[in-house]
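Two complexes are shown next, each including chain A; its partner changes from chain B in the first to chain C in the second.
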Partner chain A sequence: MPEPVGAMPATGTGGSIGRIAWRLRPVFLFAALAALPYLLSYSQQEIAVLLVINVLLVSSYRLLTLTGEWSLGHVVIMGVGAYASALLAKQAGVPVPLSMLLGGCMAAAVAALLSFPLFRMKGFYFLIGSFAAGEIIRLIWKRFTDPFGGPKGLKRIEPFPDIETGFLSIDFYEPVNYYFLALVVVSASLFVLYRIERSRIGLTFHAIHWQDRLAESVGVDTFRYRTLAFVIASFFAGIAGGLYAHYIGAVNPTRFSVDQMVYVLVWAIVGGTATFHGPILGVVVLTVINEIVLRALGLDTARPLIYGAILILSVLYLPNGLESLGPRLRALWQRRRGGSAAAGSEPA
Partner chain B sequence: MSRKSLDRKISRRKFLGTTAASGTALAAMGSGLSRVAFADSHTIRIGFLAPLTGPVAAWGKPGLDGCLIWADWVNAKGGVNIGGQSYNIEFVGYDNEYDAAKARTGATKLIKEDGVKFVMMLGGDTWPGVQKIAEREGMLFSTLLPSDLSPDSTTLVAPCEVHPIYNVTGVEWLAENKPELKTAAMCAQDDALGKPSVATYLAAFEAAGIEMQDEPLFFDPATTDFAPVMTKLLAGNPDILCLDTCYADYVHPLCEQAFQQGYKGQIISCTADFYQKIIEKTSAEFMEGFIFQFPDFDDPALNSEGVNFVNPNEFYAEYAKRYGASEWGAVSWEYASIMDLWADAAGKAGSAEPAAVLEAMKAGGTGKHAFGTADWWGTELFGIDNALVGNWPVVAIEGGKATIKEFRSIPAWWDKHKDLMVKHMTALGQMWNQRG
Partner chain C sequence: MDLLWQTAVNATYAASYMALIAVGLVMIFGVMGVINFAHGELYMVGAYCVVFLYAQENFPFLLAVAAGLVFVGIVGIVMERTMFRPLRDNPLGGLIASIGFLLILQTLVVFGFGRRMGHVPPSTHGKIEFFGAVLTYQRLFVIVAAILLLAALWAFLRRSKFGRALRACAQDTEAASLQGISMNQTARIAMFIGAGLAGVAGALTAPLVSPTPYIGHSIIVTAFIIIIVGGVGSLEGAVIAAVLYAFVHTFVTTFFDGVIANIVGLALMLSVLVVRPTGLFGARERA
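Entry: the complex of A and B
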């Protein structure tokens, strides 16, 4: 469901300052995100680029889950965007920014096509069907060396063009520059995704999730809305694919296998999917733990074990995801404050 | 202002302040650690960028373990002499999980933050993520997979394993020693490692007059049930069952399936990593005569005069002592042997700088490969002479133990049958100028 606004600070002078600070949250967030790469080492900036791309991937995935369907083909759809964008730039000479956009459109078009067989299914059947559809696409990439490069995939994909003017020179090979490019694209995409969720269409997605029969009874065409969610989610996944392909410079079918999809599911599950920021929390926290903290501690080879343990623990103790941690801590804090206030007001 | 609201204000401030300070400290610690971690002036750092976890870890982790032994031995003797100065060697590992993006991150960390002078990789799917960095930074990289080589990447060398070309030696040995074997069936995972190896085996079988019963069977790398794969392979009762260059995670279940489905013929494979475990799952009789290409280094044949690997038997004994004999795999010695070559070249160059070492390494067109003096070769197949090619051992399991049967010359086979190799590589789109 859409996020409640009740978390906003309350009354009083302190409350009004708090309210202003609360409303300035986006400004603080963007300031922090702008400062972030300058606090990181070069390789951590590389991780930050991939993290920003993955934020878009997992957020777009959440839009699909709003209708109640969990897909196992979302990473393959990202791959469709990556392959399409790479091929358009490499073989048709389309400018990279345009090819990224067209990559997103191609991913959306493939999703629209797949929706005809897939949305005849629901629940586990949809899950298995989406896996099968994804595998078919991956097999096509492997089978047709021309133009997809076969198992080795595509290499030497055109990078995002550098900006060279008299006073400005931006080399997008440098992770800090690509980080800002990705940040702009992903922020704009997240804004659109957020507005969609808050719109009448988004509410209809929720209605289909929780009461699809009831929604149909009042005239909602559930097939059309499910398709719409799938197509929009796929478009943004395709954009994420384009960002990835033109940064790394190579794509291959293994990169978009079900193994990678498991990571997306884990991010969504650990973060939680009830709120817009839940999956983002999941991907950020797990990536920082996996790629920065555990590596810095010299636990490279133990990472899969620790990653698995975190997943198990979060399912056991945070079944509603990391997004539920804030409200739980707040409730705990208020209970304790209530208790201490009551104790303080007792007569001596 | 009420006490209640004051409490809240202070608490929130405290909370935000503490959180921000912790976050900044964590970020600073992360970046600070990596930035100050440069080696001292008498230590040279070498990067090890390979899969240490995941399904391909068997071709990364044992190699790093072997390198640690190599470094301990070299450092105990005073280090590597370069330009009259002794330097200790320190390995810095980075687990790339066989992913191009993580390989790119790892390469930048190793080069820009750890200050390494040379980076060893497994290669394959991970190389395209690193290629541009290698070109920009001029860093010397090595790969175990020469199919990564191309004229675009002049600082990438394949100085040890010329995968998959050496697989021809196993087939050639079989044809000479077991001429009654006339038919073969083959399977491979459908990926960048499987396909060039299939092309090589096809060329080798054709050269040896061994007939393929069917087209090679490519299975998806995500496959976990190998029963139907094996059933199809054994349908024509082939004399030879070829497992191509399957990962250890596939070779083991494939052998189990062949055993369970009653296969009694000859098996040939590029690798048989942790073969003791396969024997445990099948039987010593079933695995008897299994042909592959990677010896145990306690083999006495490695003490012959032409072998350049230093103290192979002692190396194996130390490896078995530290990690267990059953952990010995195809790559346990390979990265260490590349280090022998690197140390020799750095000594000759009088410098550890990548360009100088590369020049010294390739000087004269020959090099001291682990299994004997070899030639820098590859223009016809890879577009560049950056692969060190010479002799390679053919290994058979006998009495539950890997035994070198013979060292055979790869260039000699190439001189006779290169047209076949080019034909099959081209048919599968594996020539360097056909890659995407």
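Entry: the complex of A and C
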């Protein structure tokens, strides 16, 4: 399984070997990610591809939540990217890698357009508004058979073109190869998202979340920054959509319904949105639970129930998500150890 | 002309059950400040009470409807106790928890009854005709029941002590608790009524809609549109908006098609959100 960065134990104090290992953790991470598909069965490889795509989806969602707004339309925005890329490839004959990029741009453009009505709202009004906007887009796909294919959606979408050179030939129909393609695209996207968050723009997003009045008073145009976060997040969601469309080869309105949005919410919330790796942790852990535990136990039909219970329990008892579990447990352990040490030295 | 009348009759029927659902949602929001995303599933559970008691176990229809109201009301109390009370300071958390609850209810119903459409035979076969329009007794029953229940609720809120406590909590929670009104007790009653109304709407319409475990989705979309158009804190607004929306939706469905009607409804809601977020009839905004 891919080891999320945050899950690695901090062995830094354990000696020089530990420290070097800690320094080299990106290398280990990439080695693990590269080795991963060869340890999996064919169907698990397919799931790994979707998992990588979902990592990008949920990470881009987190960028939007940085400004404090929770959208219910993010999966539909992903769908905009998927539909746009599929249509460009199918009907306009645009080569697939380019169509994916244009799909992302299309998603960003739709988001920019939607930001005018949506960012007049905040909080729960924004939530409901984004839900309504997403449903409208989905109903348009459903209603207009030409060009969107109606309720059945689009089928036989052009696959990612094979690479055929003299000594190298890669067939992207193979999940392993598509896994690496997705991994490269998603890693690059995550890097960009990470840099954005660490930049001045990202800091401004945080400022808008926690102190929007104060941010405004020092000259931050909160509307424009919220729109910027929405547009960037939507661009990457659109890229995720393109990766999805050209992998599965079919898209339909149901695939981007609010049920799917619920899973994104669950991943983000269970993982925790305070840090960059939180939502990634959420999607990885829940997918692993889902695929290994539920499928193995034959509890597939119980999946929504278990997801629902996990969602409720994490909102109630783990409001900062899985990412807070490590530090919390560590604090608990240290307090216990410290407490017993204190009790041993001076009984109080 | 006949078609026009018939559509108006259909719209009246739609307005009556939509009003029950939306008023329930507003009750819950008014007192607890939480948007209950599982409201559509409460409707669905109410419908399945009728599927089980009336269609499968052959109890009288009215008894099954009453059982639907009480059972779903109790489900509401469970939601209040387990989720909304601990999350009282966290409205977004309450909303997200209710999404989790929605998934649980859906799955339980799938386990109990399967994914397929539940078939409920009509409880009466009579119908009345006027001006060329047909109104079956089954639909008339929904309209009458909705009017009676909403009138009863109105009287309860205006006249009884509980009702006044409820309205006080909706206006200002802190001031209400300073007056010695128990927030927990009030929230429990509001949740019972709010959920019960959704449940009874599902129970009443079960013979007319062929319920599935996934029917809640379209219900919650409708309910959102209505409460946003009516103004989220306002019970009267919800009723008026339900009538308005039912007429718009039914007429557009009849003269264009259902998907266009949904798009029109959502666009209506979006434009209300943009132009007047407090709703057409809501006076003030509740944070």
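Keep this in mind: the second predicted complex is superposed on the first by the 315 of 348 C-alpha atoms of A that agree within 3 Å, B and C clash if a C-alpha of one lies under 4 Å from a C-alpha of the other, contacts with A are read in each partner's own complex, and residues count from 1 in each chain.
We take it that a residue touches a chain if its C-beta (ideal position, glycine included) is under 8 Å from a C-beta of that chain, and two chains touch if they have at least 3 such contacts.
Because the structure is predicted, anything quoted here is derived from the model rather than measured.
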Clash-or-fit label for the pair chain B, chain C on chain A: clash
Contacts of A:K142 with chain B and chain C, given as first, second, both or neither: both
Touching partner for A:K155 - first (chain B), second (chain C), both, neither: first
Touched partner set for A:P327, first chain B, second chain C, both or neither: neither
First, second, both or neither for A:G18, with chain B first and chain C second: first
First (chain B), second (chain C), both or neither touched by A:P319: second
Partner chain(s) touched by A:P304 [first = chain B, second = chain C, both, neither]: both
Contacts of A:V258 with chain B and chain C, given as first, second, both or neither: both
Residue contacts with chain A in the superposition, chain B compared against chain C: B
Touched partner set for A:I292, first chain B, second chain C, both or neither: first
Which superposed partner A:G249 touches (first chain B, second chain C, both, neither): first
Chain C region in steric overlap with chain B, selected from 146-154, 164-172, 200-208 or 272-280: 200-208
Chain B/chain C common contact set on chain A: 135, 139, 142, 257-259, 301, 303-304
Of chain B, residues touching chain A in the complex: 1-2, 4-9, 12, 24, 27-31, 33-35, 52-54, 57, 61, 93-95, 98-101, 104-106, 108-109, 112-113, 125, 128-129, 131-132, 136, 152, 190-192, 194-195, 220-222, 429, 434-436
For the chain C and chain A complex, residues of the former touching the latter: 35, 82-83, 86-87, 90-93, 95-97, 99-104, 106-108, 110-111, 217, 221, 224-225, 228, 257, 259-260, 262-263, 266-267, 269-271, 273-274, 277
Chain B-facing residues of chain A, complex: 11-15, 17-18, 36, 39-44, 46-47, 50, 135, 139, 142, 145-146, 148-156, 173, 175, 244, 248-250, 252, 254-255, 257-259, 291-293, 295-296, 300-301, 303-304, 337, 341
Interfacial residue positions of chain A with respect to chain C in the complex: 70, 117, 120-121, 123-125, 127-129, 131-133, 135-136, 139-140, 142-143, 257-259, 262, 265-266, 269, 301-305, 307-312, 315-316, 319
